[in-house]
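Once you've had a glance at the structure underneath, I'll fire off some questions.
Read from first to last, the chains carry the letters A, B, C and D; within each, the first residue is number 1.
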Amino acid sequence: MKREIMMRVHSARVYNGGTYGLLKLVPVEGILPGDIEPGQFVQVDVPDCKGAFLRRPISVNFVDYEANELWLLVRAAGKGTRSLIACVEGQQLSVILPLGRGFSMPEKGGRVLLVGGGVGVAPLLYFGKVLKDNGYVPEFALGARSAGDLLMLDEFEKYGPVHVATENGELGTKGFVTQLPAMAEDIAHIACCGPTPMMKAVAKIAKARGINCEVSLENAMACGLGACLCCVEDTDHGRVCVCTEGPVFNINQLKWEL
Amino acid sequence: MKREIMMRVHSARVYNGGTYGLLKLVPVEGILPGDIEPGQFVQVDVPDCKGAFLRRPISVNFVDYEANELWLLVRAAGKGTRSLIACVEGQQLSVILPLGRGFSMPEKGGRVLLVGGGVGVAPLLYFGKVLKDNGYVPEFALGARSAGDLLMLDEFEKYGPVHVATENGELGTKGFVTQLPAMAEDIAHIACCGPTPMMKAVAKIAKARGINCEVSLENAMACGLGACLCCVEDTDHGRVCVCTEGPVFNINQLKWEL
Amino acid sequence: MGTLSVNIGGLELQNPVLTASGTFGYGEEYEDLMNVNSLGGIIVKGTTLLPREGNPGPRMAETPAGMLNAVGLQNKGVDYFIDHIYPRIAEKFSTEIIVNVAGSTVADYEKVCEKLAPLPRIRAIEVNISCPNVKQGGMAFGTTTAGAAEVTRAVRKAWPKTVIMKLSPNVTSIVDIAKAVEAEGADCVSLINTLMGMAIDVERRRPYLSTITGGLSGPAVKPVAVRMVWQVAKAVGIPVIGLGGIASTRDALEFIMAGATAIQIGTANFIDPSISEKVAKGLAEYCAANGLKSITEIRGII
Amino acid sequence: MGTLSVNIGGLELQNPVLTASGTFGYGEEYEDLMNVNSLGGIIVKGTTLLPREGNPGPRMAETPAGMLNAVGLQNKGVDYFIDHIYPRIAEKFSTEIIVNVAGSTVADYEKVCEKLAPLPRIRAIEVNISCPNVKQGGMAFGTTTAGAAEVTRAVRKAWPKTVIMKLSPNVTSIVDIAKAVEAEGADCVSLINTLMGMAIDVERRRPYLSTITGGLSGPAVKPVAVRMVWQVAKAVGIPVIGLGGIASTRDALEFIMAGATAIQIGTANFIDPSISEKVAKGLAEYCAANGLKSITEIRGII
């Protein structure tokens, strides 16, 4: 069930000189809803800010039910997200959650690879944790422009092997995630989130090799509730809202030209 | 000369549960312009805030050239001013100053009374200081709704006798400033700032008794530079901008029906 | 009759707060987050004779204090609405359900009206002659007095209950359009639909919307909407429903003082999903605090 | 010719950045705060045949991402301008000085043009047929093709140098108006003037402006302005000057990509008094960073 809850910034840290921020939020009252699934997102009302009008859809980075914390990893893409990153401890934010359909649980057996690019690594952390909790051994293939853009590696390592690629070669394999040796080996299931060209490249590989593959889309969104019909994507079952039918889609549902 | 300078909040405090705030600002670089006169105002760019678009004109409350500080006393009248009051130490603000025409120096001899109501007391503090520095003995007649709305009394007492009135009688004379005994005595010159009905009541008394009287107007203003012609007031020399010909006017210049 | 009850051209509402078509889905999208039945009514998504898939994405761009959309009347058609959506929401909601009706031809409007007419819970339709995001019909009907009159005449014949004509602000004289639809028997007008706007992604050197231009809504347009409501309310005898950037009780009061009998909340639903319920409560509090026996006492006091 | 130089209907500007009439006084109000000569030009306050005191106060109301004004062409008349203001600013400023000309009758416009014509430093006028804040003339001329054409024809005869017609957005088709003034020999069009709007002080139950309605400007109107510039630039052969909510280099680029040859900065001057100089610099930096030999390379690329 969707809820609007007030949350308090329990801790806030920035990465790469403010390019990214990690907010750990706790409900002002009560406990976090128990039904937040990996790959879902939340709609955050941006604090007072001249340039941002709508809520910002942010994927669930992690849910720590023991600490009653929701983690949001945010990239400074514009005024709204910059304003979120600038939040300080104690600040309160209105959050609507949980929204959309998250990642599917893969069939048992076979390698499960979670492929992320840039801030798109965010939802893979919680998915990795849930996979591990359920007896899977997820592997992470994470790519970014430079070492500073590779986020939260220590956290990912808690849930499975981490393979990294940087475009400038500062860390891991030089190049894109698609060039990682881990991508060349047998894979049964991919969950992917990142820039569209990167997701399309991954989808192309998955399709060619018959790998089951889900991607998480980031279409421009207003309500996040399926009411405004702004964030549509063409699929095999028509033009649907990414906010309710997604953000996670199996690549076979999409009309992508690969 | 008008300048736009970046200033840093050196200290910020609130009065009456956040109804008012006192910001002490220092230039980020260099020293305060030496030509700021009592009764002039500044245009402050409001920090990020969804509801405020234009700068806010704020009267000069005090200039402390030794400490390189400009003081602004602000009432929370709307989103913009609330946002200013919420400023914290270290925050930077763009300020255009000094603007407009301030109070005239009275002729020597005779009682000089500075009459303020509510947050309108603000510009009288610096004027009182300058008067005292120039050998005058200014007296202050300050009124407000309640004791909590009477601001900075300890500061005013540094520069002359202070007479206070509160509408609810919590402090000083019960009633309006016009009912103060100090108003009934001989007065040579009045400088007045406060709500329009209060200024009109004071102007009426001054006119009836032939007291030289200046008032500071607060017409809705956009540019503060005399360019937009939004803040006009009808005067004996035509429809003029309050931001350049005022904010201080002699009551004989105004077309007020008293 | 309660303090807040108002009559919009024959239809009595328990309070003046409606949700604008296209911003509130079919009400169900919001039911987890608020009490839909606390409203005067909901106006459901623009409904056409045949299913429409609307415009391709991207359909949305944020602008200063507002947003552009280019949805283009995506809906599953009136038959699907009648068979699958109406039974569910008629069961679920006790508040008024108003259907926004759109079409490419006058005959389209007529046929949709005829199909909806037997539904007992639909006691009013809002006729969209002002959608800026479709190529045929839509705004074309709403920008001339003749076009607006023609649609009104046809709908008036096909729909026996309350007819609300939704007007476009993209005209030289919205008063002339309002008078034209009043003359043809409209029971009520609602205004404003979106202003036609455009935004360019400077980095990519292309428009944000697939359709290049789209409809501007949100607080940015409120001053234009208040002005038009004030002009129209003075000029016509039928009730006016005001909308355009309403995001608070204060905004709703502004429209009512300008002459609106009821108001719609649109884009603000996206930011605060329970804002419509809050405004309904806020209006009740305002009446109580100001000793009003009826909200209509302040209607059109400007 | 520099990277930023542009030609607006016969008049060469060193860069595309102008300041909008009524927002920059006569340039002098800003000279302490910026280098006025860094601009392509300044457009001074609307000038009429006789002095006007304009509307009574209050004349201003802040709105979401914008403001309403109801100044009503307050100015000291063309003779005072010629005798007292022109000599001072012609001496002080080397950048282009464009006079905004307004009138209640066609004859008024003609006479003002005739009086200004001998001034060597005034090489262009902007003809205001779109002021929403005056009772006679003003917007009345700008909302019909016949009225707009009539003023253009008269001005064209009385003014031998560059004629810029400033268009109103409060119309059903701004393209029709633009074509009408082009047909009568206008060298250039500028758009948009303000949208007619209104705001109510709910606490006091009265409008904020003495005139009830006023002109809306600021970022709120930018999407409408960009759309209209794009429509007009595609439809006419003369240069288009874009304005409406420009507050950054990015905004200026948006208008240029929509088809504007030059741009005007208006309301933003009130918030950042040196914004026009910053935008002129920003455009130069953009050209350098993107390898443009001329800003015109990106004009109208949408």
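Note that in this section a residue touches a chain if its C-beta (ideal position, glycine included) is under 8 Å from a C-beta of that chain, and two chains touch if they have at least 3 such contacts.
Predicted model, so just to flag it, every value in this text is computed and none were measured.
Q: Moving only from a chain to one it touches, give the least number of moves from subunit B to subunit D.
A: 1
Q: Most remote chain relative to subunit D, going by C-alpha centroids?
A: Farthest chain from subunit D, going by C-alpha centroids: A.
Q: What whole-number Å value describes the gap between the mean CA coordinates of subunit A and subunit B?
A: The computed centroid separation for subunit A versus subunit B comes out at 53 Å.
Q: With chain centres taken as the means of their Cα atoms, state the distance from subunit A to subunit D in Å.
A: 47
Q: CA centre of subunit A versus CA centre of subunit C: separation in Å?
A: Averaging C-alpha atoms per chain gives centres 36 Å apart.
Q: By the touch rule stated above, which residues of subunit A touch at least two different other chains?
A: 51, 53 - these are the residues of subunit A that touch more than one other chain.
Q: Among the residues of subunit D, which ones contact at least 2 other chains?
A: Residues 63-66, 218-219.
Q: Does the chain-touch network form a line, ring, star, complete graph or other?
A: Contact map by chain: ring.
Q: Can you name every chain pair that touches?
A: Listed in label order, the chain pairs in contact are A-B, A-C, B-D, C-D.
Q: If you look only at subunit B, which of its residues touch subunit D in the complex?
A: Contact set of subunit B toward subunit D: 1-4, 45, 51-55, 94, 96, 219-234, 238-239.
Q: Please give the residue numbers of subunit B that touch subunit A in the complex, ascending.
A: 48-51, 53, 83
Q: For subunit C, which residues count as touching subunit A in their complex?
A: Result: residues 22-25, 29-30, 32-33, 45, 53-54, 56-67, 69, 71, 74, 208, 218-219, 267, 269-274 of subunit C touch subunit A.
Q: How about subunit D: which of its residues touch subunit C in the complex?
A: Those residues of subunit D that touch subunit C are 63-66, 68, 143-144, 170-172, 195-200, 202, 205-207, 212-213, 216, 218-224, 226-227, 230, 245, 250, 253-254, 257-258, 298, 301-302.
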